[in-house]
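Below, subunit A partners subunit B and then partners subunit C, in two separate complexes.
== the complex of A and B ==
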C-alpha cells in the first residue's frame, strides 16, 4: 500500500505495480494522484547553479553560502514536505534568524489559525464518514481539488451511524460562484453567490436561524436551507479558498455562524487544505512558537505579523529558500517578480517556474514514492508513510540537514 | 448520447420491412438496444442516395460499440477517478463491505467498477443489476458521476 501525496486527503489505499523505472499500474489512484505520480518520470530537476549543472555537494555548498551571507533570508513553501523536513526547516530558520512562512499565508491561514487554536470546532474526516448527515461545501469544489473527498468521506460511503449514506441519510450542500462539478452532485441544494457575497449570505442564514425573514437571496430557498441546517444531527462545513478569500477580515462572521449552529445542533468545520501537509506545518509552528505562519526569528526570538508574510518579506529579503512550493507560479505577480530578483534557492523534485528562475536548484526525492515520512491530513490526523520506490535522491529533510551542517 | 429519434432521422424512413421489423422507427429502437445491426437495413447499404446518411449513422453509432453488455459506456477523457461510482454501486458494496462500502478502493476482482490509473474501469459487467432477465434500471453510477463520464445506452 502506498500513500498518495497529491492532495491533503493522503489516500492510503493505493496499490502500485512497479517495473524498473515506471509505474505500470496504479489501483485506486484518482486522476489528480495519477498525474502527481506519473510526474515522477518527467522533468526531474538536476543540481544547478546559475543554470549550469553541478554536483549535489556544490549546489548544497552554494545554498549554504547564500543563506549564510544573507541578512534577511526568507524560507518559504513547506506545504509539500513532511513534518520531519518542516521541523528541520524551522530549526534552520532559528539558526539563520530568518523569516519563515508557508503557503497558508496566502491561502487558508486566516481560517486555519481559528481552527488550530480551537476558536472554531473541528472534527476528523472519519467522524464525517461515521456520523455526519450534512456536508456544506462552501467556495470549494472537491470533485476537482480533492477528487476522492466525496467518495471516501463526505457523501457516498456508509459510516457507522450512516448506513443508508447518500441515498437517504446524507445531504450535500454546495455554495459557490459557479455550478461546479460538486454542485451538480448536490442537485437541489446548490446556492449560487456572486463573488464577494459570502458575508451577506452568512448574515441571511443567521437571520433565518433566528426566525427572521432574510434580506438576501431567494427567501423561500433561504428558509429551506435554514430548515435543513436546523434538522441536521451532525453537520460539517468545508470552507474552500473561495470563502476564505471572500471573507478575509470578516472571518468572525463564520465563527458567529458556527456558534449559532452549535446552539441548535452539532456543527464542525474542516478547512479544505490544498497541499498535502500545509496543516502539518501550521500545527508544528503553532506548537513551537504560538503562531501558525508569518514568523521571523530575527534577533533570536519569534515575532509574528503581516510584515513577515511572504507578500511583504519577498520585497524585503536578500535571499530566499523555496521548498515544496512554486511561488513564482502561484503568488501575485508583484510578489513573484520581487522573489525572482533575489538569489533564490529552490529544493524541488520537479522542474517548475521557480526552479527555472532559481540561482541554485537542489533536487529532492518525491515524498510518498521515493521517500517516507509523516504528514498531517486536512483534518489533523497524522499519517505516516513508507517509500514505494528505492531512490538515491536525498529527501527534503536530508537536504536541509546538510545545508544546516554547512552553515 | 444519441437517441432513437436521431437514429430514425438517418434511416430511409420507407418502412420497407426488409430488416424484419414493421417500421423504421422500430429498427431505430432495435439499433439503440443493440438487438439489430446497421447492415441489416439493406436499402441503406445498397442504395447510393443514402450514402451520406449511412456515413453519419455509423458516426453517431460508433460510441455505442464500446459499450459493455449492460450498455455501460465510460468516457475516459471525462473521468476524474473520484471513485464516487465505485463506492455508490450496490454490487460493489455487497462484494466488498469492508472496503467499497466505507469509501476505500476494492481489493478483490469481484467488483464491477474500480479505479485504475486514474480512470474508472468496468469489469464483471454480468454482475450489474441492469443485466439478465431480472434487470432493474439502477443508476447509482451515473447519478453520482460529477463529470458525466458514465452513461447507459
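== the complex of A and C ==
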C-alpha cells in the first residue's frame, strides 16, 4: 500500500502499478492524487545554479554558502515535507538565526492555532466516520480540495453508529459564496453568503439557537438550520479558507458558536488543511517554540509576530530557502516579486515558477512515492509511510542535513 | 464598457491537476486565465463565452477569457481559480492576521482584443 501525499487526508490505501514513465494502474487514488503522483514523471528538477546544471554537491554547497552569508534569511514552505525534514529545518533556522514560516501563515493558521491550543474542540476523521450525523462544510469544497473526504469519512461510509449513513443518518450542510460541487451535493442545505458575511451568519445562528429571530438571512431557513443543529447528535464543522479568510480577526465568533452548540449537543471542528503535513509543522513548531508559525530565531531566541510571516519577511530577507512549495505561483504578486529578487534556493521534486526563478535548485525525492517518513493528517493523526519505489534522490530531510553540515 | 467586480478565488481539481503536470501547459493557462462572470454582467459588458477581457486594479492587469457562470445570479461577483493570474491582483498588506485578500479582489473587467496573458510574462514581471 502507498500513502498519498496529495492532500492532508493522507490516504493510506493506495495501490499503484508503476512502469518507467507512468502510473499504469491505480486503485483508490482520487483525481488530485493522480495529478500529484503523475507529476513524478513530468518536469523533474535537476541541480542548478544560475540556470546551469551542476552536480548535487555543488548545488548543496552553493545553498550553504548563500545561507551562511545572509544576514536575514527566510526559510519557507514546510507543509509538503515530513516531520523529520521539518525538524531539521527548524534546527537549520535556529543555527542561522533565520525566520521560518509555512503555508499556514496565509492559510488555516489563525484557526489551527486555536485547535492546537485546545481553545476549539476537535476530533479525528475516524470519529467523523463512526459518529457524525451532521457535517458543515463552511467555505470549503472537499469535492475539489479533498476528493475522498466525503467517501471515506463525512457522508457516504457506514460508520460504527452510522450504518444507515447518508441515506438516512447523515446530513451535510454547505455554507459558501459560490455553489461549489459540494454545495450542489448538499442541495437543500446550501446556504449562500456574500463575501465577508460569515460573521453575520454566525450571529444569526447564535440568535436562532437562543430562540430569537435572526436579523440576517432568510428567517425560515435560518430557523430550519437551527433545528438541524439542535437535533444533531455529533456534529463537525469543517472550516475552509472561505470561512477563515472571511472571519480573520473575528475568529472568536466561531469559538462562541462552538461553545453554544456544545451547550446543546456535541460539536467539533476540523480545519480543512490543504497540504499534507501543514498541521505537522504547526504542531512541531508549537511544541518547540510555543508558536505554530511566523517565528524568527534572530538573536538566538524564538520571537513571533506578523512581521515574521512570509508576506512580510519576503520583503526584507536577503536570501530565502523554499522547500516543497511554489510561492511564486501561490502568493500575491508583490510577495512573489520580492522573493524572486533575492538569492533563492528551491528544494523541490518538480519544476515550478519558484524553481525557475531560483538561483539554486536542489532536486528531492517525492514523499509517498520515492521517500518515506511521518506526517500529521488534517485531524492530528500521525501517519508513518514507506516509499512505493526505490529512488537515488535525497529526501528533504537528507538535503537539509547536508546543507546543515556544510554551514 | 467596463464592470466593477469582486473576485473570489476558488480551488478546482482539474486546474490543480493541470498545474501539477506543468505550470506551463495550455490546459493550466486555460483553467487559470479564466474569469467566471454573472450572465447579466456578461451581457452588460457585451462579451460572450470565451471572449477576452482585461481584469485589472491598482496592483496589475491580466487578460483572461470570460466564461458565463452556471451558478445562481451573482451580479458584481466573479470567480477565478487561485493562480499566478489571480495573484497579480491580490493585495498583500501587512496586518495582524497577514492574510492577503485572495477571496476579495476588487477589479474592473472590460472587453479587449489583446491576447491572453502568458505565464512566462507573469514570471518576467516578477523578475523585472
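Keep in mind that, in the parts below, the second predicted complex is superposed on the first by the 404 of 407 C-alpha atoms of A that agree within 3 Å, B and C clash if a C-alpha of one lies under 4 Å from a C-alpha of the other, contacts with A are read in each partner's own complex, and residues count from 1 in each chain.
Here, contacts are C-beta pairs under 8 Å (C-beta built on N, C-alpha and C of every residue); 3 or more make two chains touch, one makes a residue touch a chain.
Everything numeric in this text was worked out from a predicted model, so none of it was measured.
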item	value
Overlay on subunit A: subunit C relative to subunit B, clash or fit	fit
Which superposed partner A:39 touches (first subunit B, second subunit C, both, neither)	second
Angle at the Cα centre of subunit A, taken between the Cα centres of subunit B and subunit C once the superposition is applied, in steps of 10 degrees	70
Touching partner for A:153 - first (subunit B), second (subunit C), both, neither	first
Touching partner for A:283 - first (subunit B), second (subunit C), both, neither	neither
Partner chain(s) touched by A:25 [first = subunit B, second = subunit C, both, neither]	first
Partner chain(s) touched by A:182 [first = subunit B, second = subunit C, both, neither]	first
Contacts of A:129 with subunit B and subunit C, given as first, second, both or neither	first
First, second, both or neither for A:311, with subunit B first and subunit C second	second
First, second, both or neither for A:328, with subunit B first and subunit C second	second
Which superposed partner A:337 touches (first subunit B, second subunit C, both, neither)	second
Greater residue coverage of subunit A in the superposed arrangement, subunit B or subunit C	C
Nearest-approach distance, in Å, of subunit C Cα atoms to those of subunit B in the combined model	8
Residues of subunit A that lie at the interface with subunit B and also at the interface with subunit C	31-32, 34-35, 143-144, 147
Residue ranges of subunit A touching subunit B (in the complex, touch as defined)	13-15, 25-35, 129, 143-144, 147-148, 150-153, 155-159, 166, 181-182, 184-185
Subunit A to subunit C touching residues, read off their complex	31-32, 34-36, 38-39, 42-43, 105-106, 110, 141, 143-145, 147, 177-180, 192, 194-196, 241-242, 244-246, 248-249, 294, 306-307, 309, 311-312, 326, 328-337, 340-341, 350-353, 356-357
Subunit A contact footprint on subunit C (complex, rising order)	6, 8, 10-14, 16-23, 59-60, 71-72, 74, 77, 79, 82-84, 87-92, 94-100, 102-104, 119, 122-123, 125-128
Complex interface listing, subunit B residues touching subunit A	79-84, 86-88, 93, 99, 101-106, 114-119, 144, 146-147
